[in-house]
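Two complexes follow with chain A in common, the first pairing it with chain B and the second with chain C.
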Partner chain A sequence: MGFLSQLGAVLQWDLMLIMVGSVMFGLVVGVLPGLGGTIAMVLLIPLTFGMSPEASIVLLLAAYGASNFGGSITSILINTPGDAVNAATTFDGYPLAKQGKAGMAITAAMVCSALGGLVGLVVLDLMIPVARKLILAFSYPDFFMLAVFGLTVIAAVTRGNTFRGLISALFGVLLAFVGTDPIVGGERFTFGVEYLWDGIDLIAVIIGLFAIGEAYTLSRQHQSIASDIKVESGISWEGVTAVAKNYWLFLRSCFIGIWVGMIPGVGGVVASFMAYGTAVQMSKTPEKFGKGAIEGVIAVESANDAKEGGNLLPTLAFGIPGNSAMAVLIGGLMMHGLSPGPEMLTKNIDTTEFLIAAAIVGKFVAMALGLMFGTRLIFLTRIRGSLMAPGIIAFGLVAAYGAGGKIGDVIVAAAFGLISVFMQKYGYSRIALIIALVLGGLLEASYHQSMTAFGVSGFFTRPIALVLLSIAVLSLAWPLIRRKKTRASA
Partner chain B sequence: MDPCLSRVLRAGAALLLSLHALAAPAAYPEKNIELVVGYKPGGGYSDWAQAIAPFIEKHLPRKANVLVRHMDGAGSAVAASYVQRARPDGYVIGIYNVAGLAATQLAREVPYDLKRVTWLARLSFDDSVALVLAKGPYKSIEDFKKRTKPEYIVSTRGLAATNTITGAVTFAKMGVKWKPLNHAGTGESVLAVLRGDADITWGSYESVQQYVESGDLKLVLYYDSKRDPKFPDVPIPGDLGMPELNESMNSHRLIGAPPGLPADVREVLEQAIKKAVDDPGFADVTKKMKKTPAYLNARETTVLVDGLLKSYQSYAGVVKDLLARDKK
Partner chain C sequence: MIRITERGVFSSLIFLFAYVILFRTLGLRADVALVPKMAGIILLAFSGVQVLMDLFPAVRKRLTFLNRNSDGSIGGEGVVQEQDEAGDTLFARYRFFGWVAAYIALIYLTSMIWATIIALFVYLKWINKESWLMSVLYSLGMALFIYLVFVLGFKLHYLL
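Here is the complex of A and B:
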């Protein structure tokens, strides 16, 4: 808990002033279509040139940490994630908004983000002594089994409609294979289109399937998003108590976030989807998910922010960025003569502790500001659907463009908006498609990497891979076991 | 219309147009300039672009912002194509990874052509290196000739990546059999060596410097015309009988503009970049980033690119072999 000694250094009036400004900036960037934490830091780096290393750390980390908060607000209110990491928040956040419970969802999201961030960073602090060993312990077969386990979630989210769920998932896997193949990096299924070299963009698909698809439904109804239900604005205590009631779910999601976050290349998007999936599978009422279960929001948001602690681990231990945002942070720190790597755990341990302390304080400032401003935006759910729809479509298309600056993403988003309409009409699962799209690439890449580095035996001889495989099998068999049990007791 | 009047009008219009054309260079730049980076934020090219942009801005004759735009995709081919297609008016310029793009140009059909780019400057160059685990079983690159394994595992980042080709050409000349363990990013490919899942990896020195300094990885080959004074024990390809590989595999960070950039605009940009590189403030920033500029002017850069493209042509066979693995 070395960061406690650095809290005093963070709580200086000048640094706190930078922090509040930076958090506001991060929140706005998070709310803006298509922009996330990485862009927030890129925009701020030039400002750090004239600052002390401490002030730069505060400026960059506070903005990065706050952007997640902003992204979850738009996910809940208008079904449009600001960044791919917020995508899973839409699954239950938006249905909650439709039920007039946006205040509860936003409050729960803000509280989970702040507390999740705290748990992630405290665990990071505790893991520092074993950081290097821990990161080297995971290899390709483990990633592969992680993806397999993630895919079993599809069975849970499509319960009662298994075949259509499977078709949706296979469509997702098919999409995941477009682009650069993971074996040697050659292009495939690109049909000579340069845009497809990097595959189909996840965020564009999500915006199409959820935001634009939803806008179509909205445009045909004369009601507002929250229909004619009485909507309460402001901070909702229901949201806070929901988190308290689900403390076990919260903690479990935090640990999933931390664990997935510390594996470079697996990425934060996987963390939030894994947390969501586990929440569905371990729930006593899985049928509620996707229709407005507050547990869905709690799981995703706590994993999302806890993963930052995990992300920082390889960054600090080896100087290896856990994701693109960490790569930007490393660049920013190096401009101040700090070189992330083993020295951050020995010689520069004070800086590391300061960094952790700054990130923690940043999370709570972001929570306060997020609650203050985010809950004021709930009026959006009271505007008539036919008026909101064009706005959401415009916002969604700008988001698709903003994320990568490619017109191809806008076309993909529009196309998936259309696909979404038909998927909803005929009962195909959009969540299954997205999960398969997120995990398909990881599944294939880690399969080939495992085969190259270990051969077939790698899948069955590594303890971590075996544990994950058992969990995957168990999660598939669990509904059967439970049914038998209930029958036996009856 | 009276033919005479029409002629006068046309002449007048032509005069106006030419006056406008003459006046244009003095007015350049009138608006913001876009500096396109072909990678995501956080890499070497992005760092260089962000470091130099404010200094180019400072030394432009008129006030205009130089905005760094990240346009990642297809190993920077998307950005190269974008700059190639942009209007040659000096408002879109790009930072190029010429070795990587040259390899892609050999391997695939691409919409850009490095021969036609208007080159403005070289900012830096970066030596290629081969690395193994510091505390691993390999002491030198010669150890790979011992064939302790039927195939060595090389941690790679894409088939047509410069580093993969550097490794492929080197191992082809040494007669070492290998297979790629492919990754999406530098971090992951370094981690593969750290874990011991891969035997060796190739990279540019700047991108792996931190792992060497931390003592996690060790250099076994340094691509340069002479041994680096910091690593007197690390051989160069010439020491191993491959002098042709000494310098042809290094990556260069170049700034270029669309083909057909007017000479006066080119002059303005070239001067601004040169002054930016010479600016003590920029030197300060690069020092903090532990990077060293290696400036070349527009003419020298053009000569350099011609030479590099020729030497890459001679490796076309290796690239084709790599692609053939894909088909297997």
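Here is the complex of A and C:
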């Protein structure tokens, strides 16, 4: 396991200090309803400006991992998930809290999150040699089909409305073409604006779509989710034994999380609900679920954190962000000259191993701090959303401006904040847009490289390209097939 | 019958964006324009259908399969949040956008630190109706944090 060689590099006092601070920040953001791992990372982006790539990785991943922990605490104590991925934790976590077993539920959630994250990341580490061999077999047409596959999977993300999801994705693809063209290096779609020569800044777009967009939603919440619940901090051995007793459920949920996480576009929400559903189906006492079954908490939290290992595989190996948080991570890595993709498994393999090691250590630091302070952070839910909103916007604009001191980045962030409000309101997918924005460049470059090296036949004769094309077609057709199946069975 | 709504305006803007990009491909070399042209044509067609559905309720009724929302959307993405809004909500939204625009103008005209103090104070005191003490402490606290961390810590002097 390659990450073991990097553990020493992670366990440096300065990096650990950053990790502890970042975990605390992640816990705080996770506890605040409506904010999740993506926002935690977006808000930390400006802090990475003066840092080394290693410190930046620690900062971003520790906060992202810890936000899951924070979200589960509010799910259990006040029936309010910190983020959508923690929604399924409320089903049994809150009934347990009402029965006076909040300590047990929180401990089980924290242990499952940490161990689930460990399992997911170890599996990721074990898969790297396989992924590296696979990547070395990839050629231009395969990368093109991979980008097409990534885009079509967006259809799965936008099951709410596939049509508007595709419009969002195409919008993102076109935005990716703004700047310099990959063939002759001339400026394209810049409308005479010098700022656009480098293309539309990914970080500014992410800040706008997620930080400013969410801040608008928060600005309308004039009441706090007040809570006077008091729970003792610390470990509940009952929670630990519950996890040990349900080790098979834990492992099964982890693998569901890893598998779902690997599919680009399918988020942690699916992983947690799928794990919960499987736990109910396979339980000998399904009637207990929803009334305070600790198995419900174990299943959801294990899958939730294990999926991060799965998420990181397409992100690092192919440069395809599995979700919005991974898009932020890609942006953060790119700021430090690291471009996720095949190089991360070859030239920059040490950085990848460091990243895995940092994420694993971060999980255990988050577990320790979560158990010590997590429940005390519940007071944060008394802060009104309308009070958080201006602070998030100020920080978001600093993040956009601080990266390069360009007012253009601030304008882009604000413009996409506005676009985000309407996208959310009218059922367009922000995740589809951001994934397409990341993949647009790969799509175009690999298309031209394929045509030059192989011609049109390259797309239809190479086995990898054909497999990816088949999966892409299947993912587009799947909603129709499913609908027909449902109708037939009805 | 045509029905002009905010939703229709938004989809029209996406349509317009696709049209402008497609139009700009006319002046480019064929190979440079190829992929943007393909993506642009598809977006133009899709967003055109969306505009028709948003502007003409009769079209929307005929194309119900394109407007279907399932319960399985992920993290609320792709689900229409609200159909109708009261006037005061609309006003609050545009006031929010106006405030963000003013904030950016202040950043451009003064500096990030001064803009943050002024914009946050205005938001808290007059938009959010907070107390004087809260408005002053919050805005100064945020500006001080930015100054200490980014200007002194990271030497980003252009924030001043």
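To be clear about the criterion, the second predicted complex is superposed on the first by the 271 of 490 C-alpha atoms of A that agree within 3 Å, B and C clash if a C-alpha of one lies under 4 Å from a C-alpha of the other, contacts with A are read in each partner's own complex, and residues count from 1 in each chain.
Everything below uses one rule, namely that contacts are C-beta pairs under 8 Å (C-beta built on N, C-alpha and C of every residue); 3 or more make two chains touch, one makes a residue touch a chain.
Worth saying up front: this structure is predicted, and the values here are computed from it rather than measured.
Chemist: After lining up the shared chain so the two structures overlap, which partner does A:453 touch, if you call chain B first and chain C second: first, second, both or neither?
Modeler: First partner only.
Chemist: On the A-aligned overlay, A:181 touches which partner chain: chain B = first, chain C = second, or both, or neither?
Modeler: So A:181 meets both chain B and chain C here.
Chemist: Output check: A:46 vs chain B and chain C. Expected answer is one of first, second, both, neither. What do you get?
Modeler: both
Chemist: Scan A:8 for contacts with chain B and chain C and give back first, second, both or neither.
Modeler: Touch status of A:8: no partner.
Chemist: Taking the superposition on A as described, I'd like to know which of chain B and chain C A:393 touches: first, second, both or neither.
Modeler: In the superposition, A:393 contacts chain C only.
Chemist: After lining up the shared chain so the two structures overlap, which partner does A:405 touch, if you call chain B first and chain C second: first, second, both or neither?
Modeler: both
Chemist: On the A-aligned overlay, A:463 touches which partner chain: chain B = first, chain C = second, or both, or neither?
Modeler: After superposition on chain A, A:463 lies in contact with neither partner.
Chemist: Which positions of chain A sit in both the chain B and the chain C interface?
Modeler: 46, 49, 181, 183-184, 186, 405, 448.
Chemist: In their complex, what parts of chain C are in touch with chain A?
Modeler: Residues 6-7, 10-11, 14, 17-18, 21, 24, 28-29, 31-32, 34-36, 39-40, 42-43, 46-47, 49-50, 66-70, 72-82, 89, 92-93, 96-97, 100-101, 103-104, 107-108, 112, 116, 119-120, 123-124, 128, 130, 138, 142, 146, 149-150, 153-156, 158-159.
Chemist: For the complex, give me every residue of chain A touching chain B.
Modeler: Touching chain B: residues 38-39, 41-42, 45-46, 49, 135-136, 139-140, 180-187, 192, 194-195, 197-198, 264-265, 314, 318-322, 324-328, 330-331, 334-337, 339-343, 404-406, 445, 448-449, 452-454 of chain A.
Chemist: Which of the residues in chain A end up touching chain C in this complex?
Modeler: Touching chain C from chain A are residues 46-47, 49-50, 84-85, 157-167, 170-171, 173-174, 177, 181, 183-184, 186, 188-189, 191, 212, 216, 219-220, 266-267, 269-270, 386-387, 390-391, 393-395, 397-398, 401-402, 405, 407, 410-411, 414, 417-418, 421-422, 424-432, 440, 443-444, 447-448.
Chemist: Under the stated contact criterion, what part of chain B meets chain A in this complex?
Modeler: Within the complex, chain B contacts chain A at residues 40-43, 46-47, 50-51, 54, 69-74, 77-78, 81, 108-109, 111, 153, 156-161, 164, 179-185, 187-188, 190-192, 194-195, 197-198, 210-211, 213-216, 285, 288-290, 322-323, 325-326.
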